[in-house]
Amino acid sequence: MKKILNQPADFVPEMLEGLLKAHPTQLAHAGDDLHCIVRADAPVQGKVALVTGGGSGHLPVFLGYVGKGMLDGCAVGDVFASPSAEQMLAVTQRIHGGRGVVYIYGNYGGDVMNFDMAAEMASFEEIEVRTVLVKDDVASAPPAEAGRRRGVAGMIFAFKCAGAKADQGGTLDEVVAAAEKALAHTRTMGVALSPCTVPRAGKPTFTIGEGEMEIGMGIHGEPGIKREPLQSADEITERMVLSILEDLQPAAGSRVAVMVNGLGATPPEELYIIYRRVHQLLAAREIRVHRAYVGEYATSMEMAGASITLMGVDDELAAWLDHPAQTPFFVQVA
Amino acid sequence: MKKILNQPADFVPEMLEGLLKAHPTQLAHAGDDLHCIVRADAPVQGKVALVTGGGSGHLPVFLGYVGKGMLDGCAVGDVFASPSAEQMLAVTQRIHGGRGVVYIYGNYGGDVMNFDMAAEMASFEEIEVRTVLVKDDVASAPPAEAGRRRGVAGMIFAFKCAGAKADQGGTLDEVVAAAEKALAHTRTMGVALSPCTVPRAGKPTFTIGEGEMEIGMGIHGEPGIKREPLQSADEITERMVLSILEDLQPAAGSRVAVMVNGLGATPPEELYIIYRRVHQLLAAREIRVHRAYVGEYATSMEMAGASITLMGVDDELAAWLDHPAQTPFFVQVA
Amino acid sequence: MNARLDEAAVAAAVARIGAELVAQEAALTALDQQMGDGDLGITLSKIGLALQEFVASTPVEGDLGKWLGKAGMAANRAGSSSFGTLLATALLRGGKAVAGKATLAGEDLAAFLAAADAGVQERGKAQLGDKTVIDALHPAAAAFGAAVADGKSVAEAGQAALAAAQAGRDSVTPLRSKIGRASWVGERTEGKVDPGCEALVVMLRALLG
Amino acid sequence: MNARLDEAAVAAAVARIGAELVAQEAALTALDQQMGDGDLGITLSKIGLALQEFVASTPVEGDLGKWLGKAGMAANRAGSSSFGTLLATALLRGGKAVAGKATLAGEDLAAFLAAADAGVQERGKAQLGDKTVIDALHPAAAAFGAAVADGKSVAEAGQAALAAAQAGRDSVTPLRSKIGRASWVGERTEGKVDPGCEALVVMLRALLG
């Protein structure tokens, strides 16, 4: 384990302390719990508020998207562990601007159970909460069982579109619909080349042999479709893009947004080599790229690997995507 | 070598092809050479132009800072290798907006020799070129031999300040002075925890034992001050910050900009744990943080480790830093 | 079946469970690394610590139901992975079932376990046979209830519950996990012990002292 | 000292150097990994390929000086690390010194080497003893010039240059590198061969055929 840390148990609180000190004009915390991250200007009165949450170890996911044009708050768990229902409730109370709250987060058991508990508690306080689950990882279950799929990098497109709609004054129903519309057109698939280590566990959760890769691995090291010999960038990219296209079925002449996401240790150079092939494969099918995001958007600490996300866009989704946003990890100007 | 690539020899051209396809509204290339990256709207008439260049493998350095408010062009070399003088000249010709060109780049032999050759060639074409060398790495030579120091992450502050000055209509002299002023107050130090692999070499340039780190290592794996047992985040941070402060000597009550930069495989979580301690150490000396940059700004492919950069700022430097900028890797709104 | 557990006995039992969860961190982590994300040991060790602190700092004040519910809140605060949340739910719902009681008879403990079982099923939406903690919890709660109804002592009923939990755990070991993180591991879960079932067995064993 | 090298001989010599640089990629990479960034072998292999292509595609057309200068441009295009740029500079400056010549006598070759030596020193700003290629190049150029002045054949002068380059290389091996990337390695460079000196020896050996 080659990590820069102090006591493993302090990993998350110290990370949060550093983060709040680094971005004091943008972020604050609710109550006295650093795990309850909110926009510094929360609550934004008259705006539908968006809340996410989940385990640590995925920066910029989740809290990195709290800011103007995206999310209002985030409950932060320990590494790869859900935050508690109480923490979610504390965030919810702090960011509620009077027009309801949308929970958008990845489909993981612990998170679902806690957000469900939090939503029950919030309803006691007359805060209307709606839930949108992100289930974009095509490798995690076949289409017939899409409800079992994991939520991975595609959640950023949901944050972006729902965040834009909320920023434009949308109602609770409209913001939920924006998130659901984005997700209905979003699919992701990833490949992992090396494992990662939960600081408190002290050793990697799993191993991947020197010449191997795992196609379809999840962002906590959940197993994928197949462990196989490491292939070339073009071959890996084809595998991922073809699986996504089969599931998404975009029409020739249509447009997509593309995200090529690094899992942590894979350098941006390699992500652009992947993007090159994605672009070629789409061009061959007469699919145009509305916007490309290449970088680290949803990571697994120091895992090597990458994921590809495609979102089919119409004019409405494209406009939400193009809407400005400003968070500590994501800045987009009009 | 766990890399996502095709033929090692195609690593850089394919990366550039992907990058230009991903950012078609922001970047273009001069002539038919993908290695000559320029702003899509170059030349910006009436503006002093800024050019950088150097080896690949450091994204966002160098080409990632080409864009509004920062640089006009970048000559891109192979991995860890200087681009050619001809390529630098091609970029220079393409971005010259009639008010002169500033070369700002890191103090590495190959780059210096080639930029010197390019400047000689440019002078034949009546393009006035001035050179500013970045030498911010305190670990690479003692203060008495500061001229021998390497250029590392501190160059981003020079790009930012000189870029702002040029954007505000500064003259060639003023833009050079802005870069030099920024650099006079900028110091960096890094620590490496693992090596990186040049794709064509196929194996790591050097090794670092399982429980070891190298304090002061350069971004191509140049040796640092000392190879020692891996320490805690707080201890590592203290080592780096104290070395920088000794060299920079900022006064109590003064302000600094801070950059905590990941070298590639070190996750953002760990960078924030480092930032936490930086902030504490500065606060204890009554030094205020004007702005904090935490993330990957100058990398060494998949190297694990981090660097810390401090720039002492007065009102002028602070204002240049706060000026908006927009590149594929660096977006800042006012 | 006559002895009633008093405040001290219940508090001691919760503290014992807490201590055992800390002690089993490595073993549970290893199990969760085989078919999950490797956090179960860490989560339960944090919860174990929190439960011990809770026992030390929170007097029962005559209402064991309320006290157990508060223990659930403390558990959720300390660790909120799937299992951690289900454990919190079990304490909350079980506590509600024995609200107002100053001591717990065998029937109360049976009601606690039945409510916990129902709460975990409701919160987690798993079916029996999906290979989760409920495949151990449900038979354990049923065996405890049956033993109490048969007039067995709390200790005897507890042994029956432990045996049922172990049998339940073992019965699903050959199966494929159908829910939660382990479901993504698919056929590779076959033949491996479900970490949640094992955690329940660990807790019951500690409970029996 | 009477034979003059014609176009074909010079072109063949450049091609031989090119081929040898490709062949030595691994060895030079290994040396540069010890005290640099490990790119020297790669750079020189790319330059070697480029020089072979240059020879194959670019006719001399009566002016060996201009042709050698163009070879320098091709080399810089192919690989522009410190050593690559100094090699390009050597070809550019050396070529200028024999501009207009259709064949090269011993004196021309001596002038070429002297100009290359001066050019490399000017471009790289290194001092003798800094442990760089000039510690091999300068004595080699001097030895060649002296041998030619002594009336030795080109082949004999070449052998003298190679011996001087090897001696120069070995003389600085115990020293500490004072310039370029290796200077940052400090005392750890002591006792290790300078990769640039070795590359020059490789090229001279290939030149002699």
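Letters A, B, C and D name the chains as they come in the text, with residue numbers starting at 1 for each one.
Criterion: a residue touches a chain if its C-beta (ideal position, glycine included) is under 8 Å from a C-beta of that chain, and two chains touch if they have at least 3 such contacts.
Please read all numbers here as calculations on a predicted model, not as lab measurements.
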Chains touching both subunit A and subunit C: none
Distance-maximising chain from subunit B - centres being C-alpha averages: C
Rounded Å distance, subunit B centre to subunit C centre (Cα mean): 55
Centroid spacing, where centroids are CA-atom means, of subunit A and subunit B in whole angstrom: 29
Between subunit C and subunit D, centroid-to-centroid distance (C-alpha), Å: 77
In subunit C, residues with contacts to at least two other chains: none
Residues of subunit B touching at least two other chains: none
Touch-based graph of the chains, sorted into line, ring, star, complete or other: line
All pairs of touching chains, each written as two labels joined by a dash: A-B, A-C, B-D
Subunit B to subunit A touching residues, read off their complex: 2-6, 11-12, 14-19, 21-23, 56-57, 59-60, 64, 193-194, 210, 230, 232-234, 236, 264-277, 279, 289, 292, 294-296, 299, 301-302, 304-306, 324, 326, 329, 331-333
Footprint of subunit B on subunit D - complex, ascending: 29, 33, 37-39, 41-43, 46, 73, 76-77, 79-86, 89, 123-124, 179-181, 183-186, 188
Contact set on subunit A toward subunit C in their complex: 77-87, 108-110, 113-114, 116-117, 140-141, 148, 150, 198, 200-201, 205-206, 218, 220-223
